[in-house]
Structure formats: C-alpha cells, structure tokens
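Next come the structures, one after another.
Both complexes shown next keep chain A, but they swap its partner, so chain B is in the first and chain C is in the second.
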Partner chain A sequence: MHIEPIHILLADDDENDRLIFNDAFEEIKIKTVVNMVKDGIELMQYLQTPGTKIPHLLFLDLNMPRKGGMECLMEIKKLDCFKDLAIAIYSTSASDEDVEETFIRGANVYIKKPSDFEQLKRILTKVITINWQYHTSGLNRDVFLLNL
Partner chain B sequence: MNSNALFSASFYLKVIFAVSLLVLIFISALTYKHSVSLADSTEWVMHTYKTNIQLDQLFSYLKDAETGQRGFIITRDSLFLEPYYTARQNVNNSFIHLKELIASDQQQEHLDTLYELINARFEQLEVSLAILNTIPVNTSLLKTSMYIGKDFMDRIRVHVAKMNALEMSFLEQRQSKYEQKNSITPLFSMLLLLFALSMFIFSYWKINKDLIILKQTNEQLRIHSESMAHAEEIGAFSSWNWNLKTNQLAFSDNQYRLLGSPPQSFEPNFKNFIQFVHPQDQPIVSEGFEHARSTNTYPTADFRVIRLDGAVRHFKTLSRLVPDKFGTNILIGINMDITDQFLNNEALKARNHELEQKNKELASFNHVASHDLQEPLRIVQTYISRLTGKEIEMMTEKGKDYIGRIKVSINRMRILIDALLLFSRTNRIESVFEISDLNLLLENAKQDLAQSIEQKKATITSVQLPKLNVIPFQIQQLFTNLIGNSIKYRKPDEPLVIRINCEKLTGADQHALKLGGKGKYYKISVEDNGIGFEQHYADHIFNLFQRLHHYDEYEGTGIGLAICKKIVENHSGLITAEGRPGQGASFFIYLPA
Partner chain C sequence: MKLFLKYDFNKVCKAILEEQLEKLQLPYYVLGLSELEILSTPSDTEVKQLQEQLLKYGIEIVETPKRILVQKTKDAIHEMVYEKDNLPVSKISDYLASQLHHSYGYLANLFSEVTYTSIENYIILQKIERAKQLILTNELTFTEIAYKLNYSSVAHFSTQFKNVTGLTPSAFQRIISKRRNKEADTS
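For the complex of A and B:
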C-alpha cells in the first residue's frame, strides 16, 4: 500500500537544531519529507511561493532573527488558506507567558526542545502521529504543552 | 480657663447685677411707701387733734352763749346778749367745720345727735329769753326752763366727751395699725440692703478673679502665638486665614519671610501674593482661588514662587474651612516651603527610574539565562546523548569515562541555570499578595517532596499555622526549600524528624529583632535533627552560591536558601538560622501577621 509521506516544515535559526531535527526524522520509521527554513521571513516566502505544497505540520521556533515565531504564527492564522495547517511551537524555553500566548494565538501544540536525542525522537513520533483534527477539537491548555 | 467658662462667668455677673438692681428698686419702692404711710398717719393725728379742738371750741362757744344769757338775766342789759348771738354764729361755723372734718359714719351719727342736742339747747335758751321778755316774769317757768337748759348742757358735755374719746380711740387704732404695718419694714429693708451689698461684694470679687484668669489666659495666648511664630520659622511654613464673607486675607509674618520679603511689608491680598507666584504656576493658584470662592474649599495645591532675591521655591498649600462663632466661613490654611522635599523627591524619582532600568536589564538577563544559555547547553546535551547511543561502543574505556564526567558537569550546569532562573523569578514585583492558609501551602510543599519524604522515611510534624497575607507560590517554595534542605542534610544513620512550630511574637522580641512596623509578627520555626552546621556560618548560608560542603559530599547549587531569604524579604520578614553541628539545624521565619 502506498502511503503518502507526511510533509513537515521546520523554521529554526540554529543549524545544530536543524541537523538534530533531521537526524531524528531519519531514524523515525515513518515516511516523512522534511523541509527547513532559517527564519520567519524565509518561512513566509516559502509558504507563499506559488506551487508550494502546504505541509501537514509546521514546527515553529519562537526565537529567530529578522522575524520571530510569534509573528509568523499571527500571520499564518490570519490567512484562510492555511487554516488546516497544524502548528507545533518548538522552543528552548517554555515560559508561562509564551505557552499562554501561543495557545491564544491558535498554535496546536507546544514542544519544549528536549536535551536527549531519544526523547526527541519519542516526542516527534507522537506529534506526527496525532490526529490533528481530533486533537484540536478537544484542545485545552493542559494538553497543549506536550509532556513526555 | 477656657473661653466658655469666661463666657458663663460674664453671664453670672449679669444675673447678679440684675438681681441687685431689682433688690435696690424694691427697697426704694418700699421706702417710698413707708414714708407715704408715715405722712398719712401724721395727718390722721393732726386730724384727730383738730376735731377734738373743734369740739372743745364748739362747747366753749355754747358756754359763751350760756354765760351771755346768764348776764342778761341778771342785768337785763342787752349788752350781754351780744356774746350770745356771736356764740350762736360761732357754734354754727364750728359745726360746719366739724362736719367737714369728721369722716367716719359712727362719728357722723354722733355729730348729728350733737347737732340735735345743740339745737335743742339753743331752743331752750330762746324759750328762757321769751319767758324773760314777758312781764311779769314767771320765775317758776324760767326756773323750769333753766333746769331743762342745764340738763341739755350736761348731755352735750357728755356727748362731746364721748366724741373726743371715740376720736382718740380711732387715733389709737390707726396708730397700732400703722405700727403693725410698718414695724417689719426697716428690718426687711436692712436685710435686703445687706443682701444687695453682699451681691456687689461677691461680684467685685468674681470680676477680680476673672480678670486674673483673663490676664493669665492672655499670657498663655501670647506664648502660644510666639511659639507658633517660631514653629513657622523652624518648619518653613506660614499660615493664612481668609474671611470668605468680607474677602479679607491675613498672612502670618513668616508668609512674608518665605517670599523673601520683610514681615507685613505689603497688603495681604490675592493680587499682591500672586505676583510672587511663578508665571507658569499662576493659573494653579488663581484657579484654586476661584474654586474657593465658589465651593468654600481651597484644593491642596503645589506651585512655585519666585522670592524677592530671585530664588525659585516650591510651595504646598493645605487648608480647611472653619466657620466662626457667628457662622462666617473662614478658610484657614498653611503654605509650606517644600523645596527640599521636592528636590529629594526628584532625586528619588531619578533613582527610581535608574532602578527600573536596572530591573529591566535584570529581566533581560533572566531571558538570556533562560534561553540563550540553555540553548547551547541543550545542543551539547543532545550530542552527548547521541554519543552515548551508538557511538559509545567505539570508544576506549578512558573515552567512556570522560563522556560520563562531561555528562555530570553538564547536568550540574543545567541545575544551576534552572536554580538561577528560579531565584530571579522570586525577584519579580508583580506577584500578588493574598490571604492564604499556610497549612495548605505547607501541605502542597510536602506533596512536592512526597517522593523524597517517602524514600528517606522522614517524619514531619507541624502545629496549626495561621492565615497570612502572602504570595502563595513563594511561601510554598519557602517550605519546599527548607524541607528539601533538611532532607538533603539529614544524618545517614538516624531517621529524619522535622518539627514545624509557630508562635506569635511578643513586642519585646520584635523590638530585639529590629522588626519595624506597627503590626505583629509570627515566628515560624523549621527544626531538624540533621547534621547541622557551625553557628558562625549562620549568615553565610543565605548568600547566593555559598555552600558549606563539596559536591562529592552533598549535591547543591547554593541557591535554595538564598531564594528562601529573598522570599522572606519580599514579605517584609526576616529569616535566621541556628546550627548545632551533629545535632541539627533550626530555621526561623518571621512574617508580618
């Protein structure tokens, strides 16, 4: 049976993070296509380039030069064509303010970057296997911040 | 003596004066009446004597008539009849006189009887004369007539005597009545006079006394006003009062001095005052003036004045409406020279701004610590986790050892960064105070540490704790850190016991601990039977990153107790520690009730 790969997009300015992220998906036994951008400006250009396939899942770092994750989140949510795009906040810190604000702005899940590679793999596996439509309907603040 | 007492004193004096005046008027009236009745009585005495004299005269005229007739009978000379006729006329005159004199009914009756008797006597005399005129004279008839005449004469004598007696009795009656009526008057007048006199003496004494008090009060008033003037000079303020009805304004001497002008050197009015006010602040003062005119209250106002010497000073005006005794609205106020306070305030504001700036820097440091420091650390940790995965197999034993040591160090660094974050978070000012049950917060802290408590078989006993106005999560953190501390530094061979006590602090204790404020404090103690510490480290242990042990003995960051101190300071409290090496440690937290 042919399964269409899951399209994943990561917006992160840290090269190491992008590398580790990619490594993790390579080791996960799920067919994925991972694309990466380096900041918010690149992200918005990428998404709005005609003919680009809209990814299933966007991993969004909050702290980026030029244009930050929060700004991108607000812009994306304003555009109707991205209403089905699931957004996972992927950040080093998980301060109460950031979690609260991204939740209000319509992000689907908040992931605090783990410091263990195996843990990262577990989290990413869980995130890409979530049925987003189902998850979103029952979403509340307690399950928003993903804990493993 | 206050003004009220003086007022009532003057009221009493008025009453005394009025009473004395009334008494004097009464005495005058009494004396007048007394002399009137005395004159009356004298008149009556005169009247009685007049009546009696008249009666005697009447009788004597009768006798004259009789004597004249007798002479005629003997001499037959008509010369003797002359007094007889004169007497008759005199009797009549006398009678008319008597009739006028006699007032009482009884005496009038007597007079009527006397009249009849006298008439009868004269008729008898006429009869005798008629007998004499017949020739020859009938001597026996004359004799008879003479006898009848004598009889009448006797009756008249008796009657006059009776009337005299009656008149005398009237006099006596009147005399006794008068005496009866007037006997008490002199004594009464005397007593009244004495009373009035004593009243006057009392009034004099009282006035004298009040005068002395008035003098003393005046002296006190003088001292008060002098000390007020000094107080104004010392305190750099001035007073003014403003009669809103007459629009009259009065300034104290110091008002002029504050403006750099000699006392009372210009007329105290609004126009003259506002000339000293800084042009930019003149609207504030004139608006206040208008406000006072329409609402009777002068708003508290801050403004600048330019003194005569050109110096700019900051003034503050405070006032209060004080209606006087007659209901006139008088605004009483003070102007304070607050230049020093104002400049201090400005300096404080600047420093505050600086502090806020510093605080912002600290917050950005917080961010750096939370994000930028954690990021490379996380990357290192992630790569190490990759190394310890597949790659570890290819390493020598030495390499594996190094990796292990790197891992331990990285972990400690992470713990340090987390603790530092926690510490900086306790600095936040926006935390909300609320009345919280400390028992509940302690219970939550025990829940946080449930696993450790269970593992180390620690026993925690606590008394009933109060409800206090605190930042709940911080106090919970405080309990967590202190209990965590006790667990960490327990004795390995003895079951850990932590006792938590609470008592209200006495005033003396509070003073000894230099805990200011008006309110009471609670003392909460957390004691354990752990390894304790040397007492001279008691202050040292609350400092950031200060530790008494090496990492290989006891893990720790040296931040936990620093956080405790920060939390207690956030609550305007105090934390102290007592250590007994080998026996245990006690922590005392003083929190305002």
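For the complex of A and C:
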C-alpha cells in the first residue's frame, strides 16, 4: 500500500542534536524524509527558495545564533503560504509562561527536550503521529496544540 | 466584529461535490457522506480532473478497498462523535463492527496499519477535537461538554484533555482567545 512519507524540516545549530534527532526519526516506524538547516537565517532562505516543497512539520530549536526560533516563528506566521505548516518548537527549558507565549504566537507543539534518547523517540513519535492525523483526517490545524 | 461559525459537514461536502460534478458534466448520484456513483463511464482525464478539483477542497478519491474500509471507519467515528447528541453508551467496538459489517479485530488491525494510530486513540483524538470546538463556541461549560461527550465526570474529561494536548481545557481556551485577539490586532 502506498503511503506518502512525512516531510520534516529540522532547524538546529547544534550538530550533535541534529544527529540525535535524525537517529530518532530513523527508528520511528512512520516513514519520514528529513531535511536539516543550521540556523534561522538558513531556515528562512530554505523555505523561501522557489520550488521548495513545504514540509509537513518543522522542528525549530528556540535557541539558535543569528536568528532564534521565536523570530522565525513570527516571520513564518506572517506568510500566508505557510499557513498549513505545523511548527514544533523545542527547548531545554519550559516555563508555563514561555510555553503559552509560544502557542499564542502560533506554534502547534512545544517540546521540552528530554536528555534521554528513548524518551525523545517517544515524544517525536507522538508529534508525528498526531500531526499525521491532522494532515489526513481534515482536522482543524488552527486548534492543534500539543505540549510535551 | 468577530463571528463564530458552525458547519454542517455533510451539507458542505455535498454542495461541493454537486458543484464540481456539474462543472464536469458527469451524471452522478451521491450515495452517502463518502460514496458517490458516477452514472456514466468517465475517461481517465475526466477522473483526473475531478480528482484535482476535489483535492482543492481537501476531498480525496480513495483508491484501494482497504483504504475505503478505513475511511468508512473514520466516517463512522466522525458521525458518532459529531452528530449524535450523546455518544452511544454501548461498547464502541460492537457499534463499529455492526455499522461496518466486519469484526472489530479486523477493523482495528487495518486501521493501525493505514493510519499509524489505533481506533481507540483516534476516537479519543476526535472527541478532544470536538471538545475544543465546543470550548471555543463558549456556549457550554466544561461540565456540560464532559456530559455531552460521555465522560463520567468533568475531572475525567480534563485529565484526558491534558493527556492528549498537554494543556488543561482552561489553558487551551486562554491561549486560543489570546491568539485570536492578537491576530485581530495585527490584521
């Protein structure tokens, strides 16, 4: 049975983190295609390159040099062509205020990054699975909020 | 001015289907929410045209028998969660098996294979989506929503809401209303 893979874009300046996320995606049973960018400036360039396939899901590190995750989130939310792009923000910290502010600014998912690989895999599986339901079952993405 | 909308899912879909099929001048008969019979033999180009037109509205032509059955399962769940005033009290597995004329075990396996999620989780997700919709219309209290969606108590409802979304129903309500105010300010 043909099932379209899920296109994921990951924006993170830390090479180690990118590798860990990539390993986690590979171990998840849902088929994914993962592209990566190294910071916010590269991210915005990537997204605005003509002909780029808009990913289903963007994982965005909150703390990056040059242009941080929050700044990118706000820019992306201003652009109408990305209204269907689900955005998952992640950070090592997560105060209730930060989480709420991120959601208000338009993020769909907030992940407090775990230190344990197995837990990361569980979290990513959950995000991808739920996002897939929104994508395939016509659910209202405007109210897709997930705090992990 | 802010307007809150309510949709009749069936009516919307039917209107779109009728519009598009008439545009292509295909004779048709709408059999139900997710079934359509074309009364002629359309050419491949016509089918393709129809497919492209419908995709714009998020309507997909489902191809394989397995996918059709999964889609029917989803429709039955959708109908159960959205159109019944109160969810059936009988076991959901019995309900789905009798609606779809297959054993629940078969339906459940197929469902996980195609959607990456279990029927149980899908029902919970749909119930929470309905709850979100009800929360945002501001017409019902959380207790009334819990009752309508067949939760044993408002505490049980809040716990499941938190499990699925990571947020309490009131945090969800606050965030969406702040987000909407913000959008109204900037546009």
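Operating definition for what follows: the second predicted complex is superposed on the first by the 129 of 148 C-alpha atoms of A that agree within 3 Å, B and C clash if a C-alpha of one lies under 4 Å from a C-alpha of the other, contacts with A are read in each partner's own complex, and residues count from 1 in each chain.
What we mean here is this: a residue touches a chain if its C-beta (ideal position, glycine included) is under 8 Å from a C-beta of that chain, and two chains touch if they have at least 3 such contacts.
Just so it is clear, the structure is predicted and the values come from calculations on it, not from any experiment.
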item	value
Touching partner for A:95 - first (chain B), second (chain C), both, neither	first
In the superposition, chain B vs chain C on chain A residues touched	C
Contacts of A:113 with chain B and chain C, given as first, second, both or neither	first
First, second, both or neither for A:63, with chain B first and chain C second	first
First, second, both or neither for A:41, with chain B first and chain C second	neither
Which superposed partner A:17 touches (first chain B, second chain C, both, neither)	first
Contacts of A:146 with chain B and chain C, given as first, second, both or neither	second
Residues on chain A lying within both footprints (that of chain B and that of chain C)	none
Chain A partner contacts - residues on chain C that touch it in the complex	58, 64, 66-67, 74, 113-117, 122, 125, 129, 132-133, 136, 165-167, 171-172, 174-176, 178-179, 182
Of all residues in chain B, those that touch chain A in their complex	370-371, 374-375, 377-379, 381-383, 385-386, 389, 414
Complex interface listing, chain A residues touching chain C	1, 3, 29-30, 100, 103-106, 110, 129-130, 132-133, 136-140, 143, 145-148
Residue ranges of chain A touching chain B (in the complex, touch as defined)	14, 16-17, 20, 23, 63, 92-93, 95, 113-118, 120
